[in-house]
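Next come two complexes built around subunit A: one with subunit B, the other with subunit C.
The block that comes next holds the complex of A and B.
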């Protein structure tokens, strides 16, 4: 059966690939077709067929490394996995149909051939899915690290004044980091006033508010004062609607106003230098 | 006319996805920035409650069009432990988790209509609507 199928695919390579491409295009939705460039699609289809011929032709080691490379390439192309997997199934059917159409298999052996084709292509499909999965896992863990890195730095801007700019979503893990970095930083920078800037926090719900309040209380315990700055007008509104009491805090709408206030609290101010003639 | 889209809430990042969905729909319907913030905050509260108290559930966003009025409805459904005393959880400051206890009463104030339906052992169904003015 092996040799029969191989030589059939070899002989009718162009016809099979063209039929395959047509069917895949028919099944795919428009969004997909606009994403996948015609040329890349054609090239990849030929490459795939050469690869499966290799699977039958040669010993396994070369095939394995080529398959890995191919899978990686498919993943890099960014095609949706459903598109690729259903494309592979379509290929099985195209070859099967072509064998029948060319009268290479008798009616009573059709099922047998289909099963053979399926078993033969399954490991390929698995390898591609596996590559997709591990690529995603890698991406997710890299992004987690990236997120941690942009976490919550406490920056000593001038003597006795430190700023913690928060950008992005605050989840439980980040909330913990905020607290740790604040307390550690306040002590090591000898900060008297700490500004927590929430300009870059998209949603301030009760959880975020709760963490900020706790952080401020902790800062107070180590002898510094905490200011909440960068409260955008719409955030101020929602905080009021939620019924969260921020009266214990000094709050300002912008970081700049907060900075002026912090200087005032530490008995300083910004003065413009007189021009020297 | 109703078009609904949903996010399954299983972990903290699903809360972010639900908020994103709500913000996009709110923008599309023409809500201003303040109402967008109210809607996303309400979604955040309800989705987090599902995550914290029920473990898993669904958060759906409905686009409403009733008698020429346009609205957005948040539907938060779970099959968690349910709420034994609804009056109590609607009071400011009541929390069984050491939270601020401002979530549910807050959502009621953030939105225009609010309805909560819950039975112990069966789950919780909360609906909140904001109308476009």
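The block that comes next holds the complex of A and C.
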């Protein structure tokens, strides 16, 4: 019975594809269609169906590698996973409807037939979902590494003064990294004053403040002084409203003022050179 | 094993070279206070560069020693706290807020001289 169905599907390939493309387009988002050009859409659809049909043949090894390639291609094209999976589902319906129309299956054997269809297409959708998921996982882990690299540089600007500019949200993991970099840096650069610049930190909540305070205390322990610079008006408001006590720290609104103060603390100042005539 | 306490002009120098156990720490507390009394020292530098690990008891003893010394009129500077030790202390919630700290022995002595005003 299966062979009959398979040969039938192969024979009516073009009709099935056309019907399928129509239905998919109908269901798909307008935006989705406009992003993908007509040609790519058609081409990919044919490739998709070829692949599905290839699955019917027994030759498994070729199918597997082709399936992997195809999944990767779809992911690269940036098609949403819902679109692809619902497309696969629509294909099942199209084949089903077509077979019924052509009276290839009798009513009493429908259950058996549905099971066959399911066994046929389920691995395909599984593989596609798997490829999507692994691609996402890869992207997420790459981004995590990239973020860690950008996380917390300590810059020795002048002798005895170092600056750590913080950009972006601070979570517990990052706070730990910041603290380690800060302390190692203070010791290796022999800094006396460290400025933590929070201009680039969008929100300062109790947790962020807690981490910054901890870092400042640790800096005090290794024998340097810590200054908190780049406090924007809205951050000053949040800090006071949340009742966070930063009185023990020297704080300034901008890095420039902080730098001046830091120079003052190390008994230095910036002087302009007299003009040479 | 006792920790040696050296006198340098009107300061006392202590270099802790190995991890302290509770007994040694208490012994050290007693010795240091006795020495301050004997020598009339005005400043103490405790260098803990070689210590990589500190527990809450040792931290408490250190804090106590500092407060006791202050009562006896000697200022204390702790020098050479390792980053890992600093992190542990902060995580244990031990602040040592009003304790002077310095990066190394040299800077510690400098700071002490400044504080003592000579």
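One rule holds for everything that comes next: the second predicted complex is superposed on the first by the 258 of 277 C-alpha atoms of A that agree within 3 Å, B and C clash if a C-alpha of one lies under 4 Å from a C-alpha of the other, contacts with A are read in each partner's own complex, and residues count from 1 in each chain.
We adopt the following convention: a contact is a pair of C-beta atoms (placed from the backbone, for glycine too) under 8 Å apart; a residue touches a chain by one contact, two chains touch by 3 or more.
It should be emphasised that the depicted structure is a prediction, and the values quoted were computed from it without experimental measurement.
Should the pairing of subunit B and subunit C on subunit A count as a clash or a fit in the superposition?
Subunit B/subunit C on subunit A - fit side by side.
Looking at A:210, would you say it contacts subunit B, subunit C, both, or neither? Reply first, second, both or neither.
A:210 contacts subunit B only, not subunit C.
For A:172, decide between first (touching subunit B), second (touching subunit C), both and neither.
A:172 sits against subunit B, while subunit C stays out of touch.
Now for A:222: first (subunit B), second (subunit C), both, or neither, which partner does it touch?
second
Between subunit B (first) and subunit C (second), which does A:111 come into contact with in this model arrangement: first, second, both, or neither?
The answer is neither, since A:111 touches no partner chain.
Counting only touches as set out at the top, which of subunit B and subunit C does A:43 meet: first, second, both, neither?
The answer is neither, since A:43 touches no partner chain.
Contacts for A:234 in the overlay, against subunit B (first) and subunit C (second): which applies, first, second, both or neither?
After superposition on chain A, A:234 lies in contact with subunit B alone.
Closest Cα approach between subunit B and subunit C after superposing, in Å?
It comes out at 8 Å between the closest C-alpha atoms.
Within the complex, which stretch of subunit C touches subunit A?
78-83, 85-87, 89-91, 95-97, 101-104, 107-108
Which bits of subunit A are touching subunit C when the two form their complex?
Per the touch definition, subunit A meets subunit C at residues 179-180, 183-184, 186-187, 190, 192, 214, 217-224, 248.
For subunit B, which residues count as touching subunit A in their complex?
Against subunit A, subunit B makes touches at 12-13, 16, 19, 33-34, 36-38, 40-41, 44-45, 48, 92, 99-100, 102-103, 105-106, 109-110.
List the residues on subunit A that touch subunit B in their complex, please.
For this pair, the touching residues of subunit A are 169, 171-172, 202-207, 209-210, 213, 233-235, 237-238, 241-244.
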